[in-house]
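Let me begin by presenting the structure, written as structure tokens, before commenting on it.
When the chains are written out, they are named A, B, C and D in that same order, and each has its own residue count from 1.
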Amino acid sequence: MAIEEILFWFFAVAAVAGGLGVVLHPNPIKSALFLVMTFFALAGEYILLMGHFVAIVHIAVYAGAIMVLFLFVIMLLNVPEETRQGGVWGAMRYVALGLFVFLSFQLSYFGFQDFFGDKQQLVKETEIGTVESIGMSLFSEYVLPFEIASILLITAMVGAIYLSKSKLIIEESKKKKAVEKEDH
Amino acid sequence: MGTLSIPLHYFLILAAVLFGLGVIGVITRRNAIVIFMSIELMLNAVNLTFVAFSNYLNNVEGHIFVFMVMVVAAAEVAVGLAIIVAIFRLRETVHVDDIRLLKW
Amino acid sequence: MHDFIWIIPLMPLLGAIINGLFGHILKGKAGFIASVAVLISFLYTVRAFFIVMDGTIIHNELFTWIQAGDFTAGAAVLVDQLSIVMMLVVTGVGFLIHVYSNGYMHGDRTVGKFFSYLNLFLFSMLMLVMGDNLLLLYLGWEGVGVCSYLLIGYFYEKESASKAGLKAFLANRVGDFGFAIGIFIIFSTIGTITYAGIEGQVDKLMAAGVVTSAALLLFMGACGKSAQFPLYIWLPDAMEGPTPVSALIHAATMVTAGVYMVARLSFLFVRSDVAMMVIVIIGTFTALFAATMALVNNDIKRVLAYSTISQLGYMFIGVGVGAFAAGVFHLMTHAFFKALLFLGAGAVMHSLADETDIRKMGNLYGKIKITALTFIMAWLAISGIPPFSGFFSKDEILAHAFLYSPLVWVFGAIGAFLTAFYMSRLVFLTFFGESRVEPEVEKHIHENPPVMTIPLMVLAVLSVVGGLIGIPAGLAYLWGGENHFANFLSPVFANAASYSEPHHISHALEYGLMAASILIALGGIYLAYLMYIKKAMDPDAIANRFSGAYKVLSNKYYVDEGVEAGILNPIVRFSQWLWHFVDTRVIDGFVNSAGKIVWLLSLIARRVQTGYVQHYASVMVVGVILILAYYIFR
Amino acid sequence: MEMSSLLNWVTFLPALGALVLLAIPRTETQLVKSWGLLVSLITFLASIPLFIMFDGNSAAMQFTTQMDWIPAIGASYHVGIDGLSILLYVLTTFIMPLAIFASWNSITERVKEYMIAMLILESAMLGVFISLDLILFYLFWEAMLIPMYLLIGVWGGKRRIYAALKFVVYTMVGSVLMLVAIVFLYILNNTYTGAYSFDLMAIMNLKISFSAQIWLFLAFALAFAIKVPMFPFHTWLPDAHVEAPTAGSVILAGVLLKMGTYGLLRFNLTLFPQAWEYFTPLFLWLGVIGILYGAWVAMVQTDIKKLVAYSSVSHLGFIILGMFAMTVTSMQGGILQMVNHGVSSGALFLAVGMIYERRHTREISEFGGVTRVMPVFSAFFLIICLSSLGLPGTNGFVGEFLILVGSYGNYPVFTIVATVGIIFAAAYLLWMFRRVMFGPLTEKNKSLTDLDGREIAIMIPVILMIFWIGVYPSTFTAKTEKTVEALIEKANKAKAEMVIEGRKPILSDFLGE
């Protein structure tokens, strides 16, 4: 068992455990942290696949920015633990389980079917994952998508700001609060 | 340049399993934010497949695409959470069962 | 040539239009205009009469009315001996009645409308008798039907009058149904509907074997119009209309249209013995049937109405046995004395403040002498007392009937006896015996104005003299004369006569029959005299003894109620069922249920939209799985 | 002005008038109404030379224009007039001014949209009668629905939405099948002649197999049977009539119902003669049932407009009998009866509208003794009722008699049963007339005012028309003579070729193929 294989299995188990943690743990904060663990595991996987640039960017963007945002919002909204066990949780668990089994089996089947047996492919050590090759292609062939990506981000930010600042929602919530005061 | 002894399909199966987990998360969890996380999980599963294939095809586009996916994921989380915050202001809850405007 | 002939029908039409449009302005003068219009057409009819007297038949086509495919009907006029006789009766009696109406309808609010309808009626009647094809006959037929509907329902504010009008029109319409089918049969077999055309190809009809069915169907139309047995129910109710209307339409002219039709198509009817037999049977039965009802009726106009139905029965017997000339002759004399009777009754009602119940009359002879005298002359005429006209015409029919079959003569004689009896009863109760008039009404009984009495007198003269022109051959043989009337009409019935073997009555038999009928008439009068004047036999006692029969008779054999319950109500109930059940529930049911099914399906479809985001997500995932499965197992 | 361009002008004049109406401000109701009336009057006057110049003794299409409309699919703007459509064309232009003039006071809100809908409706109706291209016909056929739907739906009575919706859905169901048939014909034409065209003339001389004819005939017949309306498909008519405003009813009864019978002649008879022969007994049965059913149900109606609606079912049953009896006389009677029914029923609705404007109710029991207070109206109403029940001397009689006399030759039993219909026609009309106009004057009707100048001006042309057709019908029958003869002769020729193995085909034949 080569060192890479051990690493792969280590990262794989971590990723799956994290995934399970995200999905099953009632407390959202705990599931957020489990997600961070999955991200790190995946970064490891990328490195195994020679995707160094992607791994680093992955950790920076996901673990760094997005999860922080998540945790911030969870804290902001003081989201309670999920207590409701009955209702949709009960019925949907079996449906979800069924779907999970089916879906993952199908997807992995593809994986098996093409690369198993004699056609087995091993991971090649390539140079393409490095910052240099990505940078070269990013700013030559894919410069337009790159710019569009920036526009996308700008619009997302504007949208987010507008949403949180929109007068309509503020008045609405004030009105709701006023109504509640009268009720008590 | 040699080859690592890890067969490619391991990665694909791993991605499949992660993607399945994401789906479970989206469907079963009652909390909007956790659903968001599950979606992120699914996106990452896809990223993994991209990187795996870019390695197999020895083509850089997989990585570029992963890069783009991240951009989109970021944008999506920003706007999504803004929406969740707005809903929270209105309905005082992020519990998905209560947000049922689409009910006929 | 003879284009003047068109003036005869068009004058009344012109009068009708003038009165119709400007009636409310003309007010009083409307009657005058109407009468003048009829007078002009009467004078032209006399002129035409002299032309026809010397043998020329006037045929004049104005324009082709309808032409489609091989069906053509021209707006053409044929005036031969038969139509000139009818035209004389229609315009002559019509004119007298118009004059009479001036007095009778004096002070009526919408007198313009009345005279417009009366003139329109005369136009239709003239078109009926002058037309040269079946379609114009049909036009006149329905035209007089509408006018009688309008005139019966003239006092439209009276519920009973408007009901009677509708009843009359529908009964006529039922008859017209048969008439129309008769026309269709004739047209589809020989392709033409003009009288000349039919006469020419009557053998083709015989060959096609449709003569009997065509004749019977046409006779059905005649029954509707001339109130014969099945379709007579409307005539008694038609008395709701003003009396001059009853006199003109329901005595003299319209009701005789049926007899005219049979006479006009004599060559067709003669060729089917079955049809002739049916006509005789229905004629006899109606004559007796109506006479029995007249015995017990107490309304002066209804008695006359039943007597009209009965006399029409006699006319049909006449034409039924093949003596067309006799039938038409009785038609003419009947027009005179029946019109007189009705106008007399109108005069009586007029002076008794519209009282029609003869039990509340009596001893009027002294007070309204002219009306009484003219009424008595008409009574003697209708009862068949020589030398009055009724005797000659009825006797000739009975003579021919005897030759046809003695049984018919016996029934005819019974009918004559009943006629004599109920007419005498009417006269005795109205003019003689003690006065049962209410005191305050009796105070101002007054003789009617000359404008009413002069027509009465003219008609009285006609009913007396009218009989002389048609004295039966046997009697005329005594002093070398012959039956002018029959000879005058003979060319029209030549075809019919040639077909059926001629009847020859031995003079002895004829005298015998005449004597018998005189005796019967006198018997009838004497019996009535005993019951109502000398009170030897108390009519009420007889009524109680035969109370069952009396009740049936007085209720007109319950025919009206029978028709109401047997035919009208079931149709109305069936239509109600059709509408409520078939239309709304069944057909609309299907239509609306189509809508409902779509609604139900959407109820099921609605369940899918639960509102939970997860449900939608899971459905999407199922979709993905299916697609992948497809790729795997492809 | 060349005749064929005049035909186009007259057809599209109302539509142009509607466009001009857009410019007139909504508040000027008086100007809007007078403009609408002016346009429809001009259209009528312009259509008179068309009627006069129409050459009676030629069966060919006259005043035709043929232009490419959508060359891609071969749809051409091909219009023309022959004996079948000239009378109905002029009837439409005759009735429209009356309808517009009749709705002078009764329509108060949204007058501008009302007038636009009316004028567009007129153009659509005129288009239907002259179009000789299947797609053009279908376009006008559908275009006609929208304004009619608005007329009933917006300005109607209480249950107008239900009635309008039922009317549109009913007609749509039928016409959609017709569209399928049109497309089938289009393809059939292409397979035979290679050319892509919807032109009726081209499709007319196609050799369509008997089994295809059966289905095509049924598709077209269903669309027209609903429109006629024939017996089982008639339930939309009473609802549509009761809820429609006066002018809507007049046009609905006056012209729209004739589309069905006209369509049957123009398409079913010319394109599928064999199938026509095959289905004749069925349609005769439906027609005769329609006559009796319509008459009986009309007799017991409590609402005058429903009564007249059911009477239309009965009258059109006669027209169906006339058409399917396949003799020149009965066919001509049928076409003339279409015009008569348009005039008589249109007039009946005008009259009912006039009472409705005064008493705002149509229940017969509400009326009584109206003649006392409205003598002039009573005279007009009487003449119209008599013309509707077919009194000789009026228009109804000529049409009805020709139908019956013509059809007795071929189908005596059907004709006898149909003739029973004329008894009930008199029954329900005069019974209604007695209950409304005669009898004692009830308290509620004391205050009714008689007809004013406007209403008399509406009634006079109708009465003139009734007596003109009644007394001198040959002005009209001469126009249709040759076309009908050509039609029947062509159908009989086709019938001759139809005999399969020496016997008439039965249902199994066409199932077998």
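Keep this in mind: contacts are C-beta pairs under 8 Å (C-beta built on N, C-alpha and C of every residue); 3 or more make two chains touch, one makes a residue touch a chain.
None of these values were measured; they are calculated from a predicted model.
Suppose chain centres are the mean of their C-alpha atoms. Which chain sits farthest from subunit A?
Between subunit A and the rest, the longest centre separation is with C.
How big is the gap, in whole Å, between where the Cα atoms of subunit A centre and where those of subunit B centre?
That gives a centre separation of 4 Å.
Taking each chain's centre as its mean C-alpha position, how far apart are subunit A and subunit D in Å?
Roughly 70 Å, centre to centre.
Can you give the whole-Å distance between the Cα centres of subunit C and subunit D?
Computed from C-alpha means, the inter-chain centre distance equals 38 Å.
What is the distance, in whole Å, between the centres of subunit B and subunit D, each centre taken as the mean of its C-alpha atoms?
That pair's centroid distance is 67 Å.
Residues of subunit A that touch two or more other chains: which are they?
Residues 88, 92, 95-96, 99, 103, 106-107, 110 of subunit A touch two or more partner chains.
Identify all positions of subunit C at which a residue touches two or more other chains, and write them in rising order.
612, 614, 618, 621
Two or more other chains touching the same residue: where does that happen in subunit B?
As it turns out, subunit B has residues touching two or more other chains at 23, 27-28, 97.
Name the touching chain pairs, would you?
Going through each pair of chains, those in contact are A-B, A-C, B-C, C-D.
Can you check the complex and tell me which residues of subunit A touch subunit C?
88, 92, 95-96, 99, 102-103, 106-107, 109-110
Along subunit B, where are the residues that touch subunit A in the complex?
1-25, 27-31, 33-34, 36-38, 40-41, 44, 47-48, 51-52, 54-56, 58-61, 63-64, 66-68, 70-79, 81-86, 88-90, 94-95, 97
Across the complex, what residues on subunit C touch subunit D?
20, 24, 63-71, 110, 113, 135, 138-139, 141-143, 146, 149, 153, 156-157, 159, 161-163, 165-166, 169-170, 173-174, 176-177, 180-181, 183-185, 187-188, 571-572, 574-576, 578-579, 582-583, 587-588, 591
Please output the residues of subunit C touching subunit B within their complex, sorted ascending.
By the definition above, subunit C touches subunit B via 606, 609-614, 617-618, 621.
Going by the contact rule at the top, pick out the subunit B residues touching subunit C in the complex.
Against subunit C, the touching part of subunit B is residues 23, 26-28, 35, 96-97, 99-104.
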